[in-house]
Amino acid sequence: TAGSINDGGWSQLAKEGLDKLKAGGVKTTVIQKVGADAAATELRDLAADGWSLIIAHGYEFLNPATEVAKTLKGTRIAVSGADVERPGIVTIDFDVSQASYQLGVIAGRLTKSGKLGFIGGGAFPSVKACYRGFLAGAKSVRADATVAEAYTSWDQVTQNKAQAEAFIAQGIDQIYPDVDAAAKGIYEAVAERNTAKPDALVWTYGCVGDANANPAAGKWTLASAVIRLDNAFAHVAKSASDGTWKPGVVRENLASGTCVAVLNPTLVGGVLTPAIQAEVEAAGKQLVAGTITIP
Amino acid sequence: MSAGILVDALLTGAVAAATPLLVAGLGELAAERAGVLNIGIEGLMLAGCFAAFAVTAATGNPWLGLGAAVLAAMALGGVFAVVSLTCRADQIVAGMAVNLLAVGGTGAAWRILQDRGLTDLPAGSGFTRGWTGIPALGELPVVGPLLFDQYGMTAFALVLAGVLALVRRRTRLGLVLHGVGQDPHALAASGVRVLGVRWGAVLFAAACAGLAGAYLSTMRTHAFVPLMTGGTGFVVLALVMFGRWSVGGLVVGCLLFGLAESAQQGLQSLPGARVVPHQLFQALPYLVALIALALAGRSAPGPAALGRPWPER
Amino acid sequence: MIAARTVWPALIPFAAAVAALGLILAGLTLVGYAPGEVLATAWRGLAGSPLRLGIWAQEATPLLLTGLAAGLAFRCGVLNVGTEGQYLMGAVTALAVLLALPPSVLSPWLAALAGAGAGALWCALAYGLDRWRGVPLVLSAILLNVVAARVLGALVEGPLHDPTTAAPQSALVPEAARLGALLPGTALTLAAPLAVALAVASWLVQRQTALGFEFTVIGLNPVAGDLAGIPVESRRRLAALGSGALAGLAGAFQVAGVTWFLSGDAQSYGYAGIAVALLGRLHPLGMIPAALFFAGLDISGRQWERRLGIPHDLGDVAKGAAVALVLAAGFFRGRR
Amino acid sequence: MNGPVPPPRIAVAGVSKSYAGIPALDGVDFQVPAGVVHGILGENGAGKSTLMKILYGLVRPESGYVRVDGVDLPGGSPAAAARAGIGMVHQHFALVDDLTVVDNCILGAGRGLGLVDRAAWAARIRQFAGRLQWTIDPQARIADLGVGQRQRVEIVKALLAGGGQTRVLILDEPTAVLTPQEVDELIPALEALAAGGTTVLFISHKLHEVERLCPTVTILRRGRVVYDGPRPERDAMTRLMVGEVPPVLGLHATASPGESRLEVRNLEGGGLHDLSFTVRAGEVVAVAGVDGNGQEPLIRAILRDARAVTTPGLAPEDRLGGIRRLGLIPDDRQHEALVLPLSLRDNLVLKEHRRFPFATSWGWLRLGRWRAHAVDLLTRYGVRGGGPDTPAQDLSGGNQQKVVIARELHRNPGLIIAVNPTRGLDLAASADVLRALAAARDAGAAVLLIHHDLEELLAVADRVLVLFGGRIREAPSRERSAIAGLMLGSPTP
């Protein structure tokens, strides 16, 4: 992993995903906080240690992995979070935009002001896809909804909190963060606001990890667009062991059951009325069927 | 949406961002007045930030966290003082070493904390906003958002600024600090223990930096993420210089910088903003600091002995 | 007397490094690791085979270059703590050149030149703010470090972005334009011997040339230097530009020979270089073992982590402790 | 020695102190009764300042004790000394320039760290100054005061520290920076203090001042008391201090001056007004004047090649060539001439390090030559205390100055500029320096000597210019009192 396995975000999820495989009897190890500069070395080291499958968790490992894969025998490399086809390796592409669309449906239904906000840790395409999905979902149920977007940082909690506060001040009452571990700041802002003004609640969501039970604002987190990494890892692990391994892009999305919207169970039946639930489910079916596409 | 609310939000954000800068800045101001330039302030803030979080997470008592932040930062500040004052190594370089130590130390300690599952503060254990406990005060126009709809640290920062201004103008301590930074020879000849004063100033600055760090983790966000001070300490150094080593100047500088930060947040969500790379917005406060420093020029030199070891040989 | 003067100072950094390591080992022993196993793991990772040695040298290379960069400036009294940003600017400029030019064997060297130039320019910016606008170099350099990281991020997501991916990373340097590996299985390139050659050259310049002598004089007493007819400002400018160029060169070599691309939050070796310079007591040759020590800690840290489950942030603690110890032992006394 | 009752005001017994194993004071004993002005004499480095710092608690003696009125003074505590009624004025000003007089007095004489009452302090400052017939503006910034005023502030500060009943006032070379007239004004004030019962310990290298003020003296040599008692005759005093009769000076030129080497024409700016003069080969032109009357801007103008300054005899090269060809002995050797951490070898070659034979034309250093050169100069100029590899910082002040002189004069430069070249040196070392300058002049150099010590200046000068208030005037005669008058601004007679 690129980050620390306890970063409360992307890298930690990978560790948890891996732990689930481990529970299923697979032998695993983790090496964390590897920068692109040392990635090739680490990949070779792991291969030399005899691991049969290396999951390089992060797009920044794509190039080193491609390079290392040229010389490897018996070890397979999967790069999770990358979306490009490269010879010799499997890349796992996560498309969260469809799940984001489902969250957008909820947001569109529950917003009072019609103003929604999206905060991304960086302004690159996979993040923007979540924004577009969220926007499209919201518009599908409330045509006049607007989604303000802002890009902050994946690790600066303070900055993200300040950004969320700025959104709230603008009258935004639904905030969808895609900022990894730094979402703590956004949840903090939401919690603070809702404690102060319980009569005009601001709602929030989770992205990538399941934030429905986050300690700060779990009460006000409606749903999360989750990447089931254990699911994805199990897919590649299976193909690596049963001989179906084929270099190329594995597309993980709503249909594959890996990138899904998970409603907050404590709010289901309350704020998340059966009607909304039904709508979210319907949208999901249409997305899988391809009758709805994200622009 | 009325403009008034947006302005209020802008000001609230500005003050919230200015608070840690001011607290750490006041400490650094005292140290620089005494002739010590500590660019390890970033590391000290990080140490405080972590220690406050760790102890609050473990005990549920944020006051203990504050105490831990002060102690941790002072311990690290003590390392800086030993190296740069007692051993007379170059202050800049010693500051860099402190930063390294803080980054490594908090990184490793954070892992230990996580292994114990202490990655979140127990519910309701952080400090809460609206330090007076009277929500109505926060609704007051202007002073509400500026002063009352904030954490206690903001009030503390203002009190500390007042106290420091008073110390500078009206006490012998203020004169001693000034003299030690301006002409340590003269002070030593009068029997003032120059090194002792500098040690005191450095430890005070460390304590302030620790509090500023604690603000970030136990007040402003109730969270810790490695490296979460994100360069604030370096901005503090720029602001002390920008404020010409005066308390008033520092307060103004912190507010301006806070406004730049806060405005950056508002600007990002403007309709046309996406044309500009978002990194530019994030670089904005730093560019503002650079430009402000460049425009301020070299009109007033700092304490004459700033950065110099004592005794010189 | 002479012996005591010349031998002890050279030994102090080694003692500091050993002491810092000892500190870490003691800590690990306390929490239940076997120190022998920890050391053995580190040793196998560093020197277990020629390949491992190659990797060690590979990782020490950027540290040595940024160390030389910081050392050159510090010796002349220019406190360039902006090597972090200069490295990044060098890296991203080199990348732009590598991607723009038709690939050839010359490409990496052109990129290295461009990277060095960019590093020098970035340092010139800080130097100019100090010289003409009175912003202390230390401050302007640090603030520019942050700006450089943002500029790199914007470039990598903007003009240099790899159009085939949604990830914030640049396109890959074509194979023909890369700096080839000397040892297959590593990214040990000509950059490594070149860095050592630069260290030796720095040392010769410092010891044996009028220019180096003037740098030393200015670093120790600029007033006396000025009155001795040394053009102080022009020498300082030269040191600043040279320092920036070396840092930029480090970044350029890393892109041309090791990573072949940059992501939005690329790693920099600038601050680490400052620590290397200090541990090497600003002596260009001393920086070679210092760079190896730091790179060794990085590699061992990862080995410890993978095999023993030890957090590798401990390596950073050891680095900070070693530098603090060297400082406390009285090398690099404050300026007058 | 003194009567058993009452005990002496100050009694020092068996006081020793060494620095790095070298004794600075070695078993010093002496006593002074109340209400006298007592002289402490000795060469540079004899240990006078160290002894005074021990009395004031700034330095802790290794053995021995100090008693004030029969009461032991705890060592190493300036606060205790102040409580015992000791005030001290240091050899160098101990005033913070950018603070006011009041603030400096509060700093230097106050205690504790709490709130200050500036009005009350200002009143006391006026009161104490009034007793000595002085007027001091408590609100003035030190930076705006002249040296005479500063010295008064120092004295008042020292008296304030004693809290109104100063029993001992220590004055370490208080007259070193004063004009003769200012000295004349200081002396009655000190006498008044003594008459009021205060004991004044007075240190000075100027024996005529000691003769005016001090009925009794203690003479130190190499950290030991060599005499203690009534003031001896002048010759006896110098013998006691130096151990031999001081060298006689009288080093005027014998030949007539040659071509012009330095021309200053209508130099303006930096506080200078229409300055013009010429220095020719084979003459020493001395610039007398009290510090602060334009010496600094004048030196700066010459070194920075102001347009008004031409050096006809020197290279038509750039300033750098010019400076290298110039023999420059700057005011502050440690900061302006030497690179203290570098070796003597390096310091002796600095300036010529790019030139043949010390470097090739490519700038490659020939360090073997450096060493031989250093060895040669160290012996020729009699530098003691180190070899070519010794760092300059390990030498004593006088030897450091010799290194500077060796470097600057061995090349027989056509023009020499020397600023206070004997500052901090004892009589013998001073004479060496002046002789070296005279020898260079006799060898054909043009010498510009800017010097604060009138006696020494007159010993070697062929012509004397006086700098006052940024203007320069040629002294009509070499008569001491006339020049002293010009230095204080009296109109040309």
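The first chain written gets the first letter, and so on, giving A, B, C and D; residue counts start at 1 in each chain.
The working rule: contacts are C-beta pairs under 8 Å (C-beta built on N, C-alpha and C of every residue); 3 or more make two chains touch, one makes a residue touch a chain.
Everything quoted here is computed from the prediction, not taken from an experiment.
No other pair of chains has as many C-beta pairs in contact as B-C.
In whole angstrom, the spacing between the mean C-alpha positions of subunit A and subunit B is 34.
Subunit C and subunit D have centres, each the mean of its CA atoms, that are 48 Å apart.
Distance between chain centres (mean CA atoms), subunit A to subunit D: 76 Å. Spacing of subunit B relative to subunit D, judged by their CA centroids, is 45 angstrom. Multi-chain contact residues of subunit C (touching two or more other chains): 153, 157, 336. In subunit D, 340 are the positions where the chain touches two or more neighbouring chains simultaneously. Shared contact sites, meaning residues of subunit B that touch two or more other chains, fall at 107, 110-111, 277, 282. Working note: touching chain pairs come out as A-B, A-C, B-C, B-D, C-D. Subunit A meets subunit C in the complex at residues 29-38, 40-42, 44-46, 49, 59-60, 62-64, 67, 71, 81-84, 122-126, 129. In the complex of the two chains, the subunit C residues touching subunit D come out as 2, 207-211, 213-214, 216-217, 220-221, 223-225, 227-229, 231, 336.
Contact residues of subunit D toward subunit B in the complex are 56-58, 78-79, 82, 88, 90, 92-99, 103, 106-116, 340, 393. Note for the complex: subunit C touches subunit A at residues 55, 58-59, 62, 153, 157, 162, 164-169, 172, 184-187, 254, 258-264, 266-267, 298-299, 302, 305-306, 312.
Listed in rising order, the residues of subunit A touching subunit B in the complex are 4, 6-8, 117, 122-123, 148-153, 155-159, 161-163, 165-171, 181-182, 184-185, 188, 192, 195-196, 215-216.
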